[in-house]
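What follows is subunit A paired twice: with subunit B in the first complex and subunit C in the second.
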Partner chain A sequence: MILQTQHLYKHFDGVKAVDHLSISFEKGKITGVIGPNGSGKSTLINLLTGFIPFDSGEVIIAHTHHFTKVKCSDVAGYGLTRTFQDVRLFEQMPVLDNVLVVLTERSVFGALFEKHGKFHLAKAEEVLTRVGLFEKRHALARNLSYGQRKLLEIARVLAMNPEVIFFDEPFAGLFPEMRKVVVSVMQELKRQGKTQILVEHNMELIRELSDRCVVLDSGELLAEGEPSHVLAKREVIEAYLGE
Partner chain B sequence: MEYLIHLAILVSIYAILALSLNLAVGYAGILSVTHAAFFGIGAYATAILSTRYDVNFFLALVVGAALTAVASFLIGAVLSRFRGDFVALGSVGFNMIVWSILLNWQELTRGPLGIPGIGRPELGIWNIEYSFSSNFSFLLLALCFLLLVYLAARFIERSSFGRVLKAIREDEEALEVFGYKALHYKLAIFTIGAMLASVAGALFAAYITFIDPSTFTINESIFILSAIILGGLASNKGAVIGAVVLILLPELLRFVGFPSDIAAQTRQAVYGLMLIVLMLYRPQGLVGEYKL
Partner chain C sequence: MDIVPQLIANSLIAGSIYAILTLGFNLTYASAKFIDMGFGVMTAIGGYTVFYVSKTLGAPLWLGLIAGILLSGFVSFLAYTFIYKPLRARKSSGAVLLIASLGTLTAVQAVIAILFTSQFQTLSGLLHGNRVFELFGAAFTAVQLSIFCVGVLLFLLLAFLLKKTLFGKATVAIGDDEEVAKIVGIDTDRAMGRLFFLSGAIGGLAGILIGFDTGIEPIMGLPWLLAAVVAAIIGGIGNIYGGIAGAFLLAFAENFGIWKIAGEWKAAIAFGLLIIFLMWRPQGIFKR
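Presenting the complex of A and B:
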């Protein structure tokens, strides 16, 4: 296990968003996280990446690092990063700079006297080519189409070369050609041994990509296991259809 | 000619102020309305050190920059607790605090009486001594400082550090996902900008040879902020152009023939009108790219 939660709990104004959740994500696998709207999928990602603090419980990274509090800027140091359900780009910066910024030295002095300009430029252009945005590299991020914005977010993730990636509905609103790009990127990341957590509503994509699947409902773990088995379970179908 | 030199010196000093504020506001998106405080700390440090302790201008300038660095770091650390528009409100508060100190700590600053008799800069290297006592020589000195500050701002803008600042301006939280501690960057650029403003303060004190707290009010901070919005946020050229326009505009009004008291009022109205028109039709300023 590369990432685990133990009794993770978060409530908003009395509503349990994540309710004492204990789950684990296996290294090198794609884990699909599904559940009806409001089941706590995005909240889980927000908790694990430090976007919102959890009330209680624990996050364990690589068996050894135990966190009762997760800071956004710290988790990246453990090789975790994410995409967003509502894409968050650096809107008034060129596409190329959106990627280059991920490659920059993290310390203030390191960034001020950066010495790897050409290497980073080549890397940024490589990942933009990978997602089909090389031709758009000088365009401002805000001028991209919705699908291109999603792809740019994925390019940023690729540039960082993380160990664990949370994809929050990366296929939503994508044209079929763009979907193919994202599918191929995820498969390539899997071959590289990266751990991926995929929040997605499209069950076909979950079946196609996931090695394992966890189902959330009202912040609780409803089911987990191999996707075809999990998706056939009566309680999962009921949770989705509200029966 | 002396009149033109006088204007050019003022333009140089205010261009330094605009460039330095642009680092924090334009690039990092820290909406600071306290720049006049740092301008004032630099000016008062130079004035006090040179008139009371006979310290050379250039040494006083360095000491002033160091004092400003400490003050701005502390102010920046507090402001980092605020989000969005509250940063601007908090920074106004700090400008008022610094102004009140300048006004009321009379043993040090002489309060409303101000500090007169500030000497012009003198340079002594290897038996060569030079005094920037004429306005023309002072203009050359001010232009040298302006060039240095411009080059520093350009270096920062083009560095990876500058790119990170812009990303912070765009979406600080999204940047932190990639392991950046935005606070460190914001504190660094806020402090650097403040130190450069203190350089402008030192030049101002040495040029006018008299300072009092009335120069370092919130109005002055708003004036500098107006210059960079007018010229274009996140543009070094824009900052300089904004300073040129705002310093020279009232001088043009003089030639229209208004009485001086009415000209002063008209100037404020024209500033306001220009900003409103810009916000409506060109929110990125005269030569800027970044939209508020």
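Presenting the complex of A and C:
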């Protein structure tokens, strides 16, 4: 297990968003996280990446790091990153800079007098080519189409070279061609041994991509296991369809 | 003598000093997203450090200049580290941060008044002669010419820093979306600390230039800060290029505005212009 939660709990105004959730994500696998709207999928990602503080419980990274509080400024340092359901880019910056900025040198002088400029530029151009945005590299992020914005977010993830990636509905609103790009990127990441957590509503994609699947309902773990097996469970179908 | 060339020269000089101040102010506003009133007092720190080091202690002027710029940057860095950073970590509102920064301004201002009295001082005595030039019928001093040149150089330097270095890109990223900047691994706290240092140093530099041109007093921070804020809002708050446009528009409006009326109207013109922008173009000349 590369990432685990132990009795993770979060409530909003009396509503239990994540209710004493204990789940784990296996290294090198794609775990599909599904559940009806409001089941706590995105909240879970927000808790695990420090965007929202959790009320109680624990997050364990690589067996060794135990956290009762996750700060989003620390997340990248542990090799975790994410995409957003509502894409969040650096809107004022060109596409290329959106990728280059994640390669920023950490030291003061390193950042001011970039010593690895050519290497970083080559890396940024490589990931933009991978997602098909190389031609758009000089366009401002805010001028991209919705699908292109989603692809740029994925390019940013690739540039970071993280170990664990949370994809929050990466296929929503994408044209089929773009969808193929994201699928191939995820498959490539899997071959590289990266751990991926995929929140998605499209069950076909969950079946196609996920090695494991967890189902949330009202912030609780409803089922987990192999996707075709889990998706066939009666309680999952009921929770999803509200039957 | 036709007064128009002189009005233009005065506007360019005032615009340059406003531009320097606005550059410093916008640097932190664009990233930290609050009106840092404490920025104003950095002008007094810069000015009084030169006064103390080079006039009272008699050290060389260059040493006073370096000390003034560094100390104002350092005080700004300390204010960020010990006041604004903890408040931001608690997700305090912009109003709370504004009040806290007003506290910084007032407290530091009081310390300067205790150390140096409230008396108006001038730094011009440190310069051996301040030549007066005449160009196109307008007179201006060497100090005023320096202010203009410093303004241009500073603008070019900051534009280079923000556009061409990864530190600059990280700064823009923080201004755009601080949470995402954190998640992609940008050390926002350190970057912000550096920005406050840079901003304070620019404020200190402006204070030194003001000290050479007119003079310094402990309470100089607030009026200069307000000028910077007005120019920043007119230009498009947080936009460094817009700030320059706002600074010169404000300076021209003030100087031409008092052409036929008393100079006391200057502040009224500045704030009148501000209200016009707030009412009809709140995003400023250049939207961020």
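Observations on the structure shown:
Here is the rule we go by: the second predicted complex is superposed on the first by the 239 of 243 C-alpha atoms of A that agree within 3 Å, B and C clash if a C-alpha of one lies under 4 Å from a C-alpha of the other, contacts with A are read in each partner's own complex, and residues count from 1 in each chain.
Operating definition for what follows: a contact is a pair of C-beta atoms (placed from the backbone, for glycine too) under 8 Å apart; a residue touches a chain by one contact, two chains touch by 3 or more.
Everything numeric in this text was worked out from a predicted model, so none of it was measured.
Steric overlap between subunit B and subunit C is present once the structures are superposed on subunit A.
After overlaying the two complexes on the shared chain, residue contacts for A:Thr64 are found with neither subunit B nor subunit C.
With both structures placed on the common chain, the touch criterion links A:Asn37 to neither subunit B nor subunit C. In the superposed pair of complexes, A:Arg156 makes contact with subunit B and with subunit C alike. Once both structures are placed on chain A, subunit A residues 49-51, 72-73, 76-77, 81-82, 84, 88-93, 97, 100-102, 104-106, 108, 111-114, 156, 160 are touched by subunit B and, in the other complex, by subunit C. On the side of subunit B, the complex with subunit A involves touching residues 156, 159-161, 163-164, 166-167, 169-171, 173-182, 184-185, 188, 289-291.
In the complex of the two chains, the subunit A residues touching subunit B come out as 49-51, 72-74, 76-77, 81-82, 84, 88-93, 97-98, 100-102, 104-108, 111-114, 117, 156, 160. Listing the residues of subunit A that touch subunit C in their complex gives 49-51, 72-73, 75-77, 81-82, 84, 88-93, 97, 100-106, 108, 111-114, 120, 156, 160. By the touch criterion given at the top, residues 161, 165-167, 169-170, 172-173, 175-177, 179-190, 194, 288 of subunit C touch subunit A in their complex.
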